[in-house]
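A, B and C label the chains in the order they appear, each numbered from 1.
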Amino acid sequence: MDKLHKALDFCIRHQTILGYSIVSLLTAASEHIFSSVVFKCPCNSKNMLYGSVFLIVPAFILFLLGYMVNARTWRLLTGSCPPEKRCSCSPWGVCTRYCLILVPVTAKASVAPLTWIAVALLRASFYECAASGSSLIKNLVCKDKGQECHKLMVKLPCDEKLSEKISSEFLALQAQSQLIGWFLIASIMTVALISTCISRCCSPVSYLQLRFWKIYLKKEQELFEIKAKEHATKLAEINMNCFFEATDPAPFQTPSNEDWRKVS
Amino acid sequence: MDKLHKALDFCIRHQTILGYSIVSLLTAASEHIFSSVVFKCPCNSKNMLYGSVFLIVPAFILFLLGYMVNARTWRLLTGSCPPEKRCSCSPWGVCTRYCLILVPVTAKASVAPLTWIAVALLRASFYECAASGSSLIKNLVCKDKGQECHKLMVKLPCDEKLSEKISSEFLALQAQSQLIGWFLIASIMTVALISTCISRCCSPVSYLQLRFWKIYLKKEQELFEIKAKEHATKLAEINMNCFFEATDPAPFQTPSNEDWRKVS
Amino acid sequence: MDKLHKALDFCIRHQTILGYSIVSLLTAASEHIFSSVVFKCPCNSKNMLYGSVFLIVPAFILFLLGYMVNARTWRLLTGSCPPEKRCSCSPWGVCTRYCLILVPVTAKASVAPLTWIAVALLRASFYECAASGSSLIKNLVCKDKGQECHKLMVKLPCDEKLSEKISSEFLALQAQSQLIGWFLIASIMTVALISTCISRCCSPVSYLQLRFWKIYLKKEQELFEIKAKEHATKLAEINMNCFFEATDPAPFQTPSNEDWRKVS
């Protein structure tokens, strides 16, 4: 049992990485399902629209979902614009505080959409469909081949043999898509590593202190949950007794609204 | 066991998201069953009616179901129109109060029907059948192709080869349906995120206080259940004793109807 | 149960080697998936680019990932450039200390990318594609065979029969790739062995003392975790009580920022 505990401890300690891995795997799996079951390139002048929608809109939806399930977004926003009290502190300070919280939240929310785009580019079917309808790509490929080439171009994703006919010199659309995908992943990783490095470098506290604060925050949250439950039970019991026995409610010590605001 | 508890705690804490996910998955699964087993496009002039019914009526049923299973609807409605007492408070205040409760209930009840419509649009079979019978789409596709095209149009969902014959330039009906589906999902998510943001922003209490109130409400409900059982047992026992021993009922403290109304 | 414990003990004692083996196996498996599912050599003048990207970019991504998941990188960087205190000790000493930590971290981060490159070379498909487009290789193979050979060369990865036509004397590209792969693995292993030997040779402490230090460091970390949890629990409890009972917080002994820095 002791060893099992250690394994679970390992999971909990690395839960951020494990969580991201699971989210990425789920995204990749759903991308696989969509591109093989639902996606059918129309192979006419609407290729560009159809392909782009499958590439971008699901990523956008995943991005919004990422914001929604993040508790810190709500902790920041809840009660931040109360109708009675507005702009008591300087707007500049508020703006800075928002940015400091929104940047990591945005970074976390971007994991799933970027995975979607990267996997979709590596699988190449969405990009192939979109690019075959794009006038920029068409002009590049059919530079001096006449109008016939333009018409064949949009049929490309539906007919594998056409690819060889049109252009043996130009890089195939699927290969383009995969190259873009790889470079996208590489640049995202680089940016992520560098930005984490910088943010860590400039932090005023050392590694172990940061560790301690993380542990403290977790403990505090757990204790808050327990204390709040106790407090709520007491309050509810008193109110219930008042109701059924029709006595006046006894005065009960409860934190004021002002206190709550400071704690959050 | 301790870790198992944590896992369960995690489930309970995220129960709203998990609940919505389960509802959405069930809806998507049932949509899959319906569109592959039950749905058969008639391929005649009744296409429009048949397709729309499969697209909209199940969504409407799910919407009503969503209202039915929500306890807050019943808490709000029960006893709100007592026959003897009507319009004691101003109708405007009542209306505002109703709206404030009905909006979140409606939002919750809309999850399942919107999932149904979105999944149905992405699978495209219902929309294809409905659109092939719609006169608007028919006129767009068969602009200068004569009456023959109109007749072929309604046969479209039953014959895959026809699609190429009729129109290679016009966006295929299935592709249209999927695009509409994606945009529908994206716009729902955007509206949901923005409206939650605004409602949270303008709330007079902070995040932790909101947390506390949720815990309190839950505890109160549990305690009410327990107290009500005790109270009811006592009252029933007294009444039974009175009946069998034919004595006068002892006076027993019970909350009045007026008290009950205030608490609800 | 006793045997199971021994097996688990064995796993934990050799966890470094086991960890590397798992990482290597995962990398090899993903390489297999990529080269068989996603990779399709375009067989035109872009061969060189396409093949190199598949060979190098994933290795680069794995290298960055290796840095990211290594806790020692963050322990070194966190708070190393605090805004208020800069360059208190000599820059030379800092640089040496950085190098001493970065070298083993880099070595650990290189396991996965080197595995990727080695496996890819042994499977030969990426290298074959890249080499068939490289002008250096083309000139070597087609030394006195005219322009036709150059054109056939780029088609090589897509057509197995061509290989025999072009050159039976020259070593096939696949064989080249595998030889390079073997030599790469051999040289990495040699370098790793020699460098570990040297670092161990020049260490001021003996083998058993090193063992002891490793055990000590691990124990210290475990104890830190436990103590930090206790401390955090106490601090959180005191703060919670203050909040709910509206009393003044009692003074609580906490290490200062300066102490934290020294410990890290």
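Here is the rule we use: a residue touches a chain if its C-beta (ideal position, glycine included) is under 8 Å from a C-beta of that chain, and two chains touch if they have at least 3 such contacts.
All values derive from a computational prediction rather than experimental measurement.
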item	value
Graph distance between chain B and chain C, where chains that touch are linked	2
Magnitude of the superposing rotation for chain A and chain C (Cα, nearest 5°)	35
Centre-most chain, if every chain is reduced to its averaged C-alpha atoms	A
Numbering shared by both copies at the chain B-chain A contact, with half separating same from different	different
Inter-centroid spacing, chain C versus chain B (mean Cα positions, whole Å)	49
Intercentroid distance (Cα basis), chain B paired with chain A, Å	26
Chain A, residues touching no fewer than two other chains	224, 231, 263
Contacting residues of chain B [partner chain A, same complex]	3, 17, 122-123, 168-172, 174-175, 178-179, 182-183, 185-186, 189-190, 192-193, 196-197, 200-212, 215-216, 218-220, 223-224, 227, 231, 253, 255, 259, 263
Complex contact set, residues of chain C against chain A	5, 8, 12, 38, 40, 42, 44-46, 49-50, 53-54, 57-58, 60-61, 64-65, 67-69, 74-84, 224-225, 228-229, 231-233, 235-237, 239-240, 243-246, 257, 260-261, 263-264
